[in-house]
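You will see two complexes here that share chain A, one where it goes with chain B and one where it goes with chain C.
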Partner chain A sequence: MKIGYYPGCSLHGMAIDFGKSTEATCEALGIELEEIPGWSCCGASAAHSTNHLLGLALPARNLSLAEEAGFRSVAAPCAMCSNSMKKTHELILSDKETAAEVARITRREYRGGVTVLNAIQIFLEYGLDELAKRVVLPLKGLRVACYYGCLLTRPPDLLKFDDAEQPVLMDEVCKAVGTEPVEWGFKTECCGAGFSMSRTDLVCELTRRILENAVNNGAEAVVVACPMCHSNLDMRQANINKMFGTEFNIPIVYVTELVGLAIGVKPKKLGMRKHFVDAMRLTKRLSAEPQEEVARAS
Partner chain B sequence: MRFSIDSEQLESGAVKRVEEMIQQSPSVCYQCGKCSAGCPVHYLMDIPPNVVIRLLQMGQTDRVLESRTIWVCASCNTCSTRCPKEFKIAECMDALRELALATGKDTPSEKDIKLFHREFLKSTRRFGKVHEASLAAFYKLKSRHFFADVGAGIKMFFKGKIRPIPHRVKGVREIRQMFEAAGYGQKVEQ
Partner chain C sequence: MSRIGVFICHCGENIARTVDCARLAEESGKLPGVMVSVDYKYMCSDPGQNMIKRAIAEHKLDGVVVAACSPHMHEPTFRAAVVQSGMNPYLCEMANIREHCSWVHTDRELATEKAIDLVRVMVEKVKRNQELFPIRVPITKRALVIGGGIAGIQAALDIAAGGHEVILVERQPSVGGNMARLSETFPTLDCSQCILTPRMVEVARDPRITLYTYAEVEEVEGFVGNFKVKIRQKAKSVNADICNGCGDCWNKCPMKKIPSEFDAGLGYRTAIYVPFPQAVPNTPVIDREHCLKFLKDKCGVCAKVCTRGAIDYEMQDEIIEAEVGAIVVATGYDLYGIGKEQPNERWKGYGEYNYDTYKDVINGIQFERLLSASGPTQGEVRRPSDGKVPKSVAFIACVGSRDPEKGIEYCSKICCMYVAKHAMLYKHKVHDGQPYIFYMDIRAGGKNYEEFVRRAVEEDGVLYIRGRVSKIYKDGDQLVVVGADTLSDSQVQIRADLVVLATAMVPHKNAYEFAQKIGIACGSEGFYSEAHPKLRPVETMTAGIYLAGACQAPKDIPDAVAQASAAASKVQLLFSSDELEREPIVAKVNEVTCVHCRNCIRVCPYSAIDDKEIRDRHGNLIRMVAEVNEGMCMGCGTCVAACPSKSVQLAGFNDEQVFAEILALGHE
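Coming up: the complex of A and B.
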């Protein structure tokens, strides 16, 4: 399986662990990722918040580049990137006026031939049964809270991924690799996203509620598929503890890291040492078991 | 709060402009309040989301453009997802922010949020991609929050999460031209 790869700005910087784990896990699964030549930033919240045309044109450029390079599907693990590319794709296809306006700005044409995949969809495309067969070191019995945040599912009419209020697809991926997703109430609550630097107080308040709910429902780790969710829950955990006198110490892992661990990729290759809250302790939970038993258990 | 209808705003002013941008009219809203009930940052807003829409229905655009609400909105889209009338409230907030900047009516508070957006796009324009390290540095210098997150920054550096040298996209000129063509940063007369 060969697909286009749009790492976006953060997977080469702040979320290098997300980038490394995506690349290493895909490689282990035999999914060939090929970077879109000449890709640029999707503009993120800053673009759509201050200039709606720029917010469409920046992702549109990347879609055109992917189409020109002959990719039918593109993996964009960052939830912000996949969100803006999916939205732009839908709007260009459904509204001719917008499409013309965007084409005027980008000076490129986009015919709509690219399917954008978020981090979870990479595994869904691969097939969950296939994935379960590849598990060699299941994190057996590890209770995880699957945190979807905003960008994976909303707005539902444009993103067309899972249920916007009660999503389950990340839970399915986590089950396939041997962990036990918990039921909890904050799957799709907002973490404050891009306000991490400009309104740290807001981010800490929102993430405190999320962590509290995850811990109260018995989660031993929170699984995410978005660089902003990760940095707000992982890096900001120290700020939250200081601000609210709490004692959170819960590892936040990318779904790509969790899958990678379970199929036997080395934690170092997944970038798991780069977290703020120690995630290496999870590797102690890895149990080498014959594959058949895992298959029977699931 | 006093309400009165400003028909000029409704027919040719900011409300008209918002309608064009989101291709929907705020008049569909029947004030159920679900958007405000589910909003995670409601507690920081000076005008709740449903009242923003009510004010737009009345043509009271200045009060909306000058509000803090439009800036603390995190674009999480919970409101749009739950709206029984399928009004795109989050997109409406985008349109209002854009209009507030273009008309210069934006509130003098929430400077940091606006500064961060601006610096983010400056980085995009300069390199074609965002360079996080210089973005953070410029943001800190200009917001004068010199010491916030210094510890976290140092930790990130040693964990290899900071790329010190920016990488410039080939043909970055094309991206700069897109900023021009989209009319980024242009003011409008009102």
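Coming up: the complex of A and C.
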């Protein structure tokens, strides 16, 4: 299976671990990712908050490049990237006037032939049964809290991905690779995202609530599919502990890392050493025992 | 040569705004056979009607066309007017230039042209109209009331008090409906059971009322004054004539863990059961879906312990046929559920409240059961998960209601009141508890209602928070309710031990299918439609069928009872004469040309056509033809279309008239 790949700025920069784990995991699964030639920034939150048309034109350009290159689907693991691309795709298809305006700006046509996949959808496309078969180190019994944040599902009528209030698809992926998703109440709560710099205090409070609920419901790790969520939950833990006198020390892993581990990709190739909160311990604790089980089973 | 009068109404501005009425009058006046053509602001008013009456006398008219609103609205008015001038009512027709013209068009020029066409068509028809005379049919002075909630009970008692027989059909094993499940009722806080149960008993005792419980109406045929109904009496498996309600059977039944419908799933019942101790009738039924005898052919304990031998496992459903003259529909309401699975695709559940998976998030009826002395906790407020007395309770109003996002746009009207009641009653029972109410607006219109809500706030310390709840999640053994306080413009989080949702009142299950079965209409939400939202609130568009209670719209008890009494008085009105006049718009078979192919008999949706034998003087059968029963024909015209030998004609709409209309349209 060969699909287009849109790493966006973050997967090359601050979320290099997300990038690396996506690439390594896909490679191991036999999914060939090919970067869209000449892609540019999707504009993320900055563009659409300044100018509506700019917010559409930037992703539209990338979509049309992908279409031109012949990709039917494009993996855009960063939740912000897939969010803006999916929104643009829907708006261009539903509103002819805007579509013409956007085409005038980008000087390119986008006909709507590309399906954008977020990180979770890459695995759904691959097939969960198929994925389960590839598991060699089932992270059995690892209790994880699947955190979707805002961008994966909202706005629901445009993104058309999962249930915006009670999403379950990341949980399904985590189940397929042998972990145990916990039931908890903050799957779609906002982490503060873009206020990370300007209102760190707010972000710390929002993030604290998320972590607290995950821990209280027995999670040993939080699984994410968004660089912004990851940085807030991972990087801010020390800060939060100082601010609130808490003792959080919970690994935050990308869904691509978790799947990678389970199918036997080396942690180093997944970029897992880059986290602020040590995530390597997950692998140490859980790899030995299940391996035996696999041996026994086979 | 015909002498037709054309009368054009402005309907205030409704018609005149889009149609040039003066020009319409002028053009109509030029039509062949039209003697007089005038326009007037309100033709239906007294001066308007007089204008028509005078013109009939003055111009010796033999036909009248009123160009105005829909005949649904005022045909009876104008026909009555011409009768006063000695004209047969069926020589008066209406051209609908409002609903069919002014309301749906904007271009004045074109709309006026269309109005001229519509008048011309009607003039041509009226020229060919014949005098018709109403058909008189006898009235069966017996009423059927469907649904034994408070509305159905009230309607049945009122009709019976007027001296008429009533058949009351209730689907559950007992009458009482939702009111029987309530604890105390706003705004007076009188005990629901205490005011309801005496009426339940009365219904069962009144010799004029025949009560069928555990029964459903299967089929309704016929028409006002002469309905034929089929009622399915589901097999109770208990012979009610022998059973004395001692309770030995249900005390011994081993199937003890069936969620009780009456207690809204908070309590349990047995397979042989009466839904609640005060049930009427107080004889049990066997729920065959849960009974071991029916599931596995085991047990049979109830038959063994019943000393009177009332248990009958062999009992079959029975179809009861009855003739009634009027029907009151009082099938009530259900509550919207917040689960993921919904009965239709418009409604969506509340994922943000975890789709009905938290045990301590309950609905209003469940809370009523917790408050009720006869409920699963004997009236102590204890939460379902662990039986603890909740020290803080969050009540959330407008769950589903007024939320187009979830598919229900209307206001359920009564929840503002019962939410205040719930918070108040909770406070009366748990003195150190804190009730919170999340609301959008407080809608307390009604006698002593606003005062009631104020009492909750001022005397019982209920905390009202104006804002929506965005999320409910579990934290430890508590629930955290996250919402907005739009008055202080802040976010709030309440830790609650119990959450009570005021979920929307929705039409009862299968309301749509039921409406189709008995031949009445319902709106897009599924509540049954009244004939006119202001002027005919208890009638349906089907003559002889009336509405009472929450099946028509969300209602509280006073409104349900008022409507029930109104429906009952409509029934009495109908029953006050011995015969009924029916419109003579019926089909007639030409016996000379009929070849007895029986097509019409097969297609008639009302089974109004039968075979007829034609015999000679000596009684020898000559041949067979079809014959329409005038009492049953609804004038739908299906047979006319189906007859290959053109032997059926519909009075008032015969071929000549209809073709004249079509030809008039083609005129240029």
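Operating definition for what follows: the second predicted complex is superposed on the first by the 286 of 298 C-alpha atoms of A that agree within 3 Å, B and C clash if a C-alpha of one lies under 4 Å from a C-alpha of the other, contacts with A are read in each partner's own complex, and residues count from 1 in each chain.
One rule holds for everything that comes next: a contact is a pair of C-beta atoms (placed from the backbone, for glycine too) under 8 Å apart; a residue touches a chain by one contact, two chains touch by 3 or more.
Treat the numbers as computed from the prediction; the structure is a model and nothing was measured.
Undergrad: Is A:270 touching the first partner chain B, the second partner chain C, both, or neither of them?
TA: Once the two structures are laid over each other on A, A:270 reaches no partner at all.
Undergrad: Under the stated touch criterion, which partner chain does A:74 make contact with: chain B (first), chain C (second), both, or neither?
TA: Neither partner.
Undergrad: Once the shared chain is lined up, is A:85 touching chain B (first), chain C (second), both, or neither of them?
TA: neither
Undergrad: In the superposed arrangement, does A:12 touch chain B (first), chain C (second), both or neither?
TA: Touch partner of A:12: chain B, not chain C.
Undergrad: According to the stated criteria, A:57 is in contact with first (chain B), second (chain C), both, or neither; which is it?
TA: A:57: touches chain B, not chain C.
Undergrad: Looking at chain A, does chain B or chain C touch a larger number of its residues?
TA: B
Undergrad: For A:213, select first, second, both or neither according to whether it touches chain B, chain C, the two together, or no partner.
TA: A:213 contacts chain C only, not chain B.
Undergrad: First (chain B), second (chain C), both or neither: which does A:164 touch?
TA: both
Undergrad: Going by the contact definition given at the top, which residues of chain A touch chain B in one complex and chain C in the other?
TA: On chain A, the overlap between the chain B and chain C contacts is residues 164-165, 189.
Undergrad: Considering the complex alone, what residue numbers of chain A touch chain B?
TA: Checking each residue of chain A against chain B gives 9-10, 12-17, 38-41, 43-55, 57-58, 61, 95, 104-107, 150, 154-157, 164-165, 188-190, 192-195, 197-200, 202, 206, 235, 238, 273-274, 276.
Undergrad: Under the stated contact criterion, what part of chain B meets chain A in this complex?
TA: Per the stated touch rule, the residues are 21, 23, 40-41, 44, 72, 74-78, 80-81, 86, 88, 90-91, 94-95, 97-98, 101, 112-113, 115-118, 120-121, 124, 128-133, 136, 139, 143, 148-149, 152, 155-156, 159-163, 167, 169-172, 174-175, 177-179, 181-184.
Undergrad: Contact residues on chain C for chain A in the complex?
TA: Touching chain A from chain C are residues 340, 350-352, 354-355, 471-476, 480.
Undergrad: Which of the residues in chain A end up touching chain C in this complex?
TA: Contacts found on chain A: 163-166, 184-186, 189, 213, 216-217.
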